[in-house]
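Following: one structure in structure tokens, then a few remarks.
In this document, chain identifiers A, B and C correspond to the written order of the chains, with residue numbering beginning at 1 in each.
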Amino acid sequence: MAILSLHEVNKSFGETSIIRNISLEIQEGEKHAIIGPNGAGKSTLFHLISGRYNVSSGTIYFKNHAIHNRAPYEIARLGLARSFQVTNIFPRMNVFENIRCALLWNSGYRYSFWHLLGREAELNDRAYEVLQEIGLSDKALFPAAELAYAQQRALELGIAIAGGAEMILLDEPVAGMSHSEAESAVELIHKVTEGKTLVMVEHDMNIVFDVADRISVLVYGELIASDTPENIRKNPRVQEAYLGEVAADA
Amino acid sequence: MLTRLIPWIGFTAALLILPLLFDSILAISVLNQMAIAIVFALAYNMLLGQGGMLSFGHAVYFGLGGFMAVHALIMIEYETVYFSVTLIPLVGGLFGLLAAIFIGSFSTRKAGTVFAMISLGIGELIAASSLIFVDFFGGEAGVSGDRTFGPLFFGVDFAQNVEVYYLAAFWVLVATLFMYLFTQTPAGRMANAVRDNPERAEFIGYSARRVRFISFCASGLFAGIAGGLFAMNYEFLTEENLNAATSGRVLLMAYIGGLGYFIGPIVGAVVLTLMNSLLSNYTELWMLYLGIMFVLTVMFLPRGFAGFIMMHQMAWYHGKLRSLFIPYLITGLPALIAVLGVVALIELAHTQEELLHFLGIPLSPSSAISWVVVITVTAVAVNATRRSLGQLKKAWEFANEAAMGTRE
Amino acid sequence: MLEVFIFATLNGLVTGLLLFMLASGLTLIFSMMGVLNFAHASFYMLGAYFAYSISSYLGFWTGLLVAPVVAGFCGALVERYGLRHVHKHGHVAELVFTFGLAFLIEEIVQFLWGRDTKNYQQPELLDFPLFTLFGQEFSAYRGFMIFISVAIFIGLYYTLTRSRIGIIIQAAITHPHTVANLGHNVPLIFMGVFGVGSALAGVAGVIAGPVLTTFPGMAIVLGSIVFVIVVIGGLGSLAGAFVASLLIGLLQSYAIASDVGMPDLLDLIGVSFERSHPLNDLWTLTLPQIAPILPFLLLVLVLIFRPTGLLGKREE
């Protein structure tokens, strides 16, 4: 069952066309990677799906709900979460609070000003669980801004998965990490996205081939291929546009 | 659990004991002013420090609450309604809330500069309108009432200032408690999140606009309570209580006290009230000093007085706070003399009198000796301060270093 | 009727151009540094006071030349030692700093010059009526105000669009890092723009002082209106500021000169209320009465229906 389907999605900023006529279906439970050269529009695509930008034309459906042109918070409530390429956390709150906030809506608290969070045992326990999953339990009371880079990325991931979303969008999750940091990060990604749908933008081909069930290739805003990893490897258009040098080293 | 209650117990104790220690009429009046300022400043910080929304027109909710409260007093006096005046602050609060709901419905769409500008516009609009709508606002003369009517409260009719103080103290405690508890709720926490990163807050399921709206309404409620307290204390409201100067003053209080800490605005309110009431007796230039202090605080103490105190947390954890005592003295003493010297210079330059008594020292603007002495003392003190900064820096570094390996 | 209209238009023009002189400096500074300078109108006030003092000894024309320079210099100092330092504490801190500065400058002015209104005179040279229409005079001084304003704008326009430094400034407004990488001293440019903006405000003060009265509250009175203009016109748009300045100048002028009010409107629809009606104040409202609050009313309306202002840049 297709959990996310894009149909002839276009996005232009003024005269400049960034996303051209993209149609894509992602199945429930699939691990899907989106690759492409810089400037191909991968982040823009994420922004369109997660509600940051409106489409110029076309439709996007998530679990049979139309999500194109809806506000990010509405989309998030439907069960779609995302992380960001540039770390996007709540810097002045501590790590624990960061995660706890991400849990609030799904735990049903809405805009309550009559629940004292200190007393909400279930919520706090769940927050600690998430912290443990992402390996930050010993940093719980640190201000988020003071974490090391790799830990901030882990927190970034934690905020995205805390709410129990069914589909997670990860935008270059291991960017800027050392090799060993990236390895741990990928392990974490495997762990937390088990049983969920994952769509990931990534440049590192090793990670892509390790994680993905299917790969889509974006070049100049167009989807030039969407297939299994082996077929993508063999696809001549892809090789020409993008994989060329990598295929030689791989 | 008990340790968390200590600050509250201390706060309550202070509220109860202060009027016994300072029982002159002037002192009670100052304490009342402080109480009103504390509630107003805390309410303002719900918007700015916790919500990240800078408002230049918050006096509107304070003033509207106050005006409604005075009208309620009048209604009690003329027996149009019958309830105890102890509830007057609540009347102010409810009207402030109403105003905030109405205005917030369109002004909280965006934060940042747009919000600040709308708040400025609304503030000016309502302050100016108050001179046009004379029935509610009383025009230039304002509106006055009498708080001694209505049912007695355990035999008290609130004719005396000290009786008003205890009523105000009660409301300060209640308001502070509820404002603090708000910060521990989902709405309060999400307000912090929206302040830090409104975009991310949306991506975890919250409408930033809704969150801001709730903070805004809560802030209006408590500002209105402060207005009601003002009405009880002074029995008199004018256009001044709605205008930009009042809005500016509460911004000053919150900022100088420290936006990032719950007690910050309390500190700011106390300091500012003291400057306002005490300093103004000694010099007509106290506003100038206030302005200088404000600008210097923004430049060098951006986290306010509370922030300055909290900076010493690390040293306190390491048990090395004492080691800072002497270094502070070595820098503090000449710094204090330098400041006093500058103040003396300013006062000398300004005075119309022949003789100026500065801290008991007679100085004369026409006497060259006075000038030379003051300038020399100031210059020496400034130099000494600058020289001593090195040792203070070293002492600071020492007090803050832990076993270097434990912190990540 | 016609004479009222013509004079209202001329006065509105004078006010509007004056407002634009202030709004243009504010817009330039905002575009460049992203901070709305609350103390901008304070330099207007400083310009007036400096000119007053200078003209008391050396005449009006020396004041016109020197006072803006002094004001601009003060502005440059503020940028270099104040704003630049506060910049690292964030946007809110910058706004609060300029707010505190406005407060401080007002106190300093009172300290140095006293609280009374200063008798800042128009120059004798211009103390004659430029023309007389329907029995009313239009003073040469006001004509001079229009002339100076227009001359400055033309100069500014050519400097920004035709000269080398102007092009660099335009680039630095949108891409400060690129400009720095090209070897230009961006901090110096910032300081210069801030200084020139303040000097512009100073010029406005010099020529407006004799007409709008020179007193310590003059910054507040004009300051909030200038903010309204900059926001209505669209933050960062000079053209928008121009349109909004003239709009507000003319609107206020017409409102004050007119004689209409709610009673006329109510007459039109055939409704009338008793004097004892609780909303009596509303029913007896006249246009001249609400003239001072018209700018703010406009501001709130614009911000509700078009938050980016009339000609502002659209946000996504």
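Keep in mind that, in the parts below, a residue touches a chain if its C-beta (ideal position, glycine included) is under 8 Å from a C-beta of that chain, and two chains touch if they have at least 3 such contacts.
Since we're looking at a predicted model, the values are computed, not measured.
Each chain gets a centre from its C-alpha atoms; the one nearest the centre of all protein C-alpha atoms is B.
Distance between Cα centroids is largest for the pairing of subunit C with A. Separation between the centroids of subunit B and subunit C, computed from CA atoms only, is 31 Å. Distance from the subunit A centre to the subunit B centre is 44 Å, each centre being the mean of its Cα atoms. Taking each chain's centre as the mean of its C-alpha atoms, subunit A lies 48 Å from subunit C. Counting partners per residue, subunit B has no residue that reaches two or more other chains. Residues of subunit A found to touch two or more other chains are 52. The touching residues of subunit B, when paired with subunit C in their complex, are 48, 52, 54, 56, 106-107, 109-110, 112-114, 116-118, 120-122, 124-125, 128-129, 132-135, 244, 248, 251-252, 255, 285, 287-288, 290-292, 294-295, 298-299, 302, 346, 350.
Looking at the complex, you find that subunit B touches subunit A at residues 181-182, 184-190, 192-193, 195-197, 199-208, 210-211, 214, 218, 260, 408. For subunit C in complex with subunit B, the residues that touch the partner chain are 36, 82, 85-86, 89, 91-93, 95-97, 99-101, 103-104, 106-108, 110-111, 220, 224, 227-228, 231, 235, 278, 280-282, 285, 289-290, 292-293, 296-297, 299-300, 303-304, 307. Across the complex, subunit A meets subunit B through its residues 50-52, 71-73, 76-77, 81-82, 84, 88-93, 97, 100-102, 104-106, 109-118, 139, 142, 148, 159, 162-163.
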